[in-house]
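Two complexes, one shared chain (subunit A), two partners (subunit B, subunit C).
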Partner chain A sequence: MENASSSSNKLNLFNNSCLDILQRDSQSRIATGHKGLDRHLGGGIALRQITELVGNSGTGKTKMCLQLCLNVQIPKSAGGLEGAALFIDTRRDFHPDRLQELAYDLERQYKHKSPDFQASKMLQNIHYVSCPDAVQLMATVLSSHRHLMAHPNIKVIVIDSLAFSLRMLEDGAQRFELLLELLQSMRRLQREHPVAWVVTNVLTHRCIGRQFHVVPALGDLYSNLINERIWFSRSGHCSLGKLWKTSRLVKD
Partner chain B sequence: MDLKKILQTSTGKELLSEYQLNLLTKHNIETMLDFHNAEDQQLHKLLAIKLESVVKIKNELALLHRDSERLVETVYESDFGTGIEELDKFLNGIGQPFRRGRVWEICGETGAGKTQLLYTLALNFAWKHKRQVLFIDSKHDFSTKRIQDMLLERKMDQETSEKAMANIQVVEALTAKNLIDVLKEFDWQMADGVQAALQTRVVVVDSLAACFVDLRGSSDMRMMRDCLLTEVACRVRKLAVRGVAFVIGNISFADQDAGIIYIKGLFMYIILFTSFVLLLDYSDDDGVEDGNSDEQCTRQQIEPMLGAYWSSVCTLRLSLEIPESTDCGDSDDGIVYNESQDDGLRMVNVLTNSYGPDGDTCLLQITDAGMV
Partner chain C sequence: MTNFLEQLPKRIRDIAESLNVLTPEEVLTTPRVKFLDTRVTSVYTLVRKCTPDDVRVLKDAAAKWLAETPLTADSLFKPLANVRWSRVSFGCPALDRCTGGGVVTRGITEICGAAGVGKTQLLLQLALCVQLPLQLGGLGKGVAYICTEDVFPARRLREMSNAMEARYPQESLNLMGNVFVEHQREIDTLINCVVNHLPRLLRQHSIGLIVIDSVGAIFRLFTDYLERARLMRRLANALISYADKYNCAVVCVNQVSSKCNGSSDDAPCLGLQWSHLGRTRMCITRVPKQHMVQDQLLTVRKLEILYSPETPNDFAEFLITAQGVVELPAKVRRL
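On to the complex of A and B.
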């Protein structure tokens, strides 16, 4: 009897080797535009993963977010995903002008390969939601599957910044619960749609033993659940890795 | 199902039809063993074949059976070895070589190199023993690139690399229920004699904690979580009895992170060692405080996730730690920027060991080729 029931919803355990994956998905990544970073990440940030950008303010996190929103739209003929983006803004810090500049740069870059790839169209493909507080952020993330229904070609969802709205909550337990709730729905969405989450985070101080250390905000459990962490420094270097101490410097 | 194997023998193929097999099943002869034990006379009448043919089939079956037995036996006997010389030496010393039926847990803080160690173990096994590894991925995290990089660094030729990679089977299990389904299916396939399942001797889970984070909050959820955890533990143990070795990744937390308070809320039976943590949780008075709090202020206490019950499931629990570095001065940017941030040294600390002493440590080195 058991055998019969198992074969009805058969799980295929042994038809997805490492080699198969390698041969199948070399394409589904969003280029960051940073050569070294792309090389280290194997072509860019992966769909169905949560990528975190962390660094002090003014180190280029938001710029990278905007860049990813544009890069996801690179036409398939030029090796891109031809997708769209959803930008969730929690700081009211979204500058369309800045985005437009980047879009013109990208348009110039792809002028020869695909002349149809124009900045004005790019801006149309970036959906924008403003979430000034944590409750709205939660609501937006929970309802993001509806955005995806309406615009199935959304391939990247950016939250800039995840830490900002959460840190406004004073009650630590509530903040933590909300964070986990957010992560849960983000992970659920990933299971159903091939979409990449990009979130930004800030650095904070934490006392370990008797020393103060600079660590990313939002805690260890959260760090474990994200897939990739990219560090931005003021000197313009990027590093990869979950812990600063063990991260690898990315060379251009 | 099992009986179909008779048709694989040369005499069986000539003599028996599907109809006759069904006849056998009807008369409660359902496995090869049943067939073997059945009276020759009875089979002769039932199948309407000659008595000599019955004997012939039985003999051939016995041969077939012995062959498969021998094949399985040789695999069973061998110690797998981790392929990491230093670690093998160390583990032999504490009576825990990596072999069939062992359930290991590797815990460590984020970024300590758990995943790197798990990849190394998986790759070493797939490569050395030419057998399959089942890699259960709970975070959509499996990176072929990292495996590839490790192979490149080891200067493997194309063919060997591809073979090793083909031997690493990846399956995703994002929730605890998925994980249980995967383990169940694996169990069934082993019982069914699916070749791929029988070939798989090592299961790597990265990471267990991620399967369980969604289950939290209300007491119902807590109960569900405990249930599922118990079910996972049972499934793991059952497969271990069949000779599969497990390596399970888990996260652990240091110091007063929110994570610990969170775990504390979820696992009523968790025992906390640090008085530091107890101070944080005023409402709790489970009276674990004893006099040894002095030493703990200086040394970080490591507490793996998933509570006390889970800690009893694994036969070996290793904690991967970053040795205390001498100095971590902070620059104005908050972080120090120097080229050699990480010397790659990791300390493996034995937390629990059901076959020998615990508390020992061993140093490993992370390299681009994996752990050595």
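On to the complex of A and C.
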């Protein structure tokens, strides 16, 4: 008769303690470049989580997405993850010139710490797919595991923006189902690879009771399935939290 | 596409065929529950009950069939790919500087402004500039211009095209002949025109610019916001797909309305939905400054970028003269 501890070892359950997880977690965060936000998030965007950036047009979501694609490549010697990025573009907001400018800025910032962190190498590590409609988006997300096998050092996948393609579908029920399927396949990928998903969303009006409230699009159930939500406002401030009412303003 | 179904194992193929889902696009957009629903497929057919793993295999195969491989970002700078990000110049150096080179051939560019501030004038200038060859800042292609409120100002275009031909006499330009004009006053006919007739024009002629003047007028009369949102999305979807496929710039004109809370600025119309569909938004306003040009006192106009994915929020001042849109003379401009 085996005792309980040896049988649980064979099953490979409950092997990690909280301390293990804490140590592993503190090394695997992607810096956002915004000091207050990094402090609030505990270092940056976490791997194996879905982070959502919400805000209206022109508030800086795409810029943050590009910045994350670059920050994930910061070398380990400077405290970064030295990974690659995959950018899934549905809104055609991606502009290579802007990415190049941000890359040069980052190179300048890290020049004294790691001199061979070149902008040209940064651009080679960002993979770009353009998904003009919902079908392409589904195809890309469902086959992203194949791309991760080919490039195993991809640490962040950005979808800019999830709301745009899905809202183009006319049927609300189909929209909802496809969104759930997308989230399910994102989670499945996260179980196998240490990847952070970053998703962009927009605000919309919803009629609650008799009044119109401004809420993030894509629904309430979706809000439960993501891990972090960062709000971008027109004045340039960021807030953290799932609901606007309970969100905390991030100060520098 | 029968090739897609033929490469799958027979069981999975039966599942797809029993629901009449034949192309990979349909496989991906049919929700999973439809495949697993036993009310639809009878239990007594030859198909054994469908499991979630089967659905996953089917969808994976469809995704593999349709997905394109990602490119690296630095390959987007190479000549074949970077034609997607080409620009149409405004014909006025100040405006080009402020917008980073002109209107991008991706997504919808929105120009908003109050009535009479000069939006149509700027669009006419753009319609002429897009026909210039590449080295002069244009695309060498024609224009599809859809008017929804006023009659198209053909005489004014003739005046401006004469001035442009005088500026570049060495190019033999047929500026008036390449502008295709359409008048649509109702939303249904407009959507029908954009979705059904415009592709035919795009296939037959090379078009570099699509203008809708104005979107604000035609959508403002709606009271049912859901219906309006749906129609806006359908229109925007069609326009963005043309911009992608034929590499042309799309410009829509919007109006402004004063904000209800009493502040003096005007907000663009059509709300949040429309602002999400547009990629770049520029606003034209009148500046309380005047300038004397050839015995005429003209009011200075300002073009401001409200949001754009690639340029900072800059502004530029310009004048509208008989020749078109020009920048302020150097000694007047504040440096």
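Some observations on this one:
The rule we apply is simple: the second predicted complex is superposed on the first by the 230 of 252 C-alpha atoms of A that agree within 3 Å, B and C clash if a C-alpha of one lies under 4 Å from a C-alpha of the other, contacts with A are read in each partner's own complex, and residues count from 1 in each chain.
The rule is simple: a residue touches a chain if its C-beta (ideal position, glycine included) is under 8 Å from a C-beta of that chain, and two chains touch if they have at least 3 such contacts.
Nothing here was measured: the structure is a model prediction, and the numbers come from that model.
Contacts of A:N227 after superposition: subunit B is touched, whereas subunit C is not reached. When both complexes are overlaid on chain A, the residue A:I126 reaches subunit C alone and has no touch with subunit B. Of the two partner chains, subunit B and subunit C are each touched by A:N56. In the superposed pair of complexes, A:E177 makes contact with subunit B and with subunit C alike. In the superposition on chain A, A:L203 makes contact with both subunit B and subunit C.
In the overlay built on the shared chain, the residue A:L240 is in contact with neither subunit B nor subunit C. Using the contact criterion defined above for the overlaid structures, shared-chain residue A:G219 touches subunit B, although it does not reach subunit C. For the contact definition in use here, the residues of subunit A common to its subunit B contact set and its subunit C contact set are 56, 173, 177, 203, 214. Residue ranges of subunit A in contact with subunit B, taken from their complex: 2-3, 6, 10-11, 13-22, 42, 46, 48-49, 56, 172-173, 176-177, 180, 183-184, 187, 190-191, 203, 207-214, 219-221, 223-225, 227, 231, 233-235, 237, 239, 241-249.
Listed in rising order, the residues of subunit A touching subunit C in the complex are 56-58, 62, 86-87, 91-100, 120, 123-129, 132-136, 138-143, 146-147, 163-164, 167-170, 173-174, 177-178, 181, 202-205, 214.
Residues of subunit B touching subunit A in their complex: 1, 109-113, 132, 134-135, 139-145, 147-148, 162, 165-171, 174, 181-182, 184-186, 188-189, 192, 194, 196-197, 200, 207, 209-210, 213-214, 216-217, 251, 253-255, 257-259, 261-262, 297-300, 305, 322, 325, 328, 330, 333-335, 337, 339, 341-342.
Here subunit C touches subunit A in the complex through residues 24-25, 28-29, 31-33, 59-60, 62-74, 76-77, 82, 85, 104, 106-107, 225, 230, 233, 237, 240-241, 244, 271-273, 275-276, 278-279, 281, 306-310, going by the rule given at the top.
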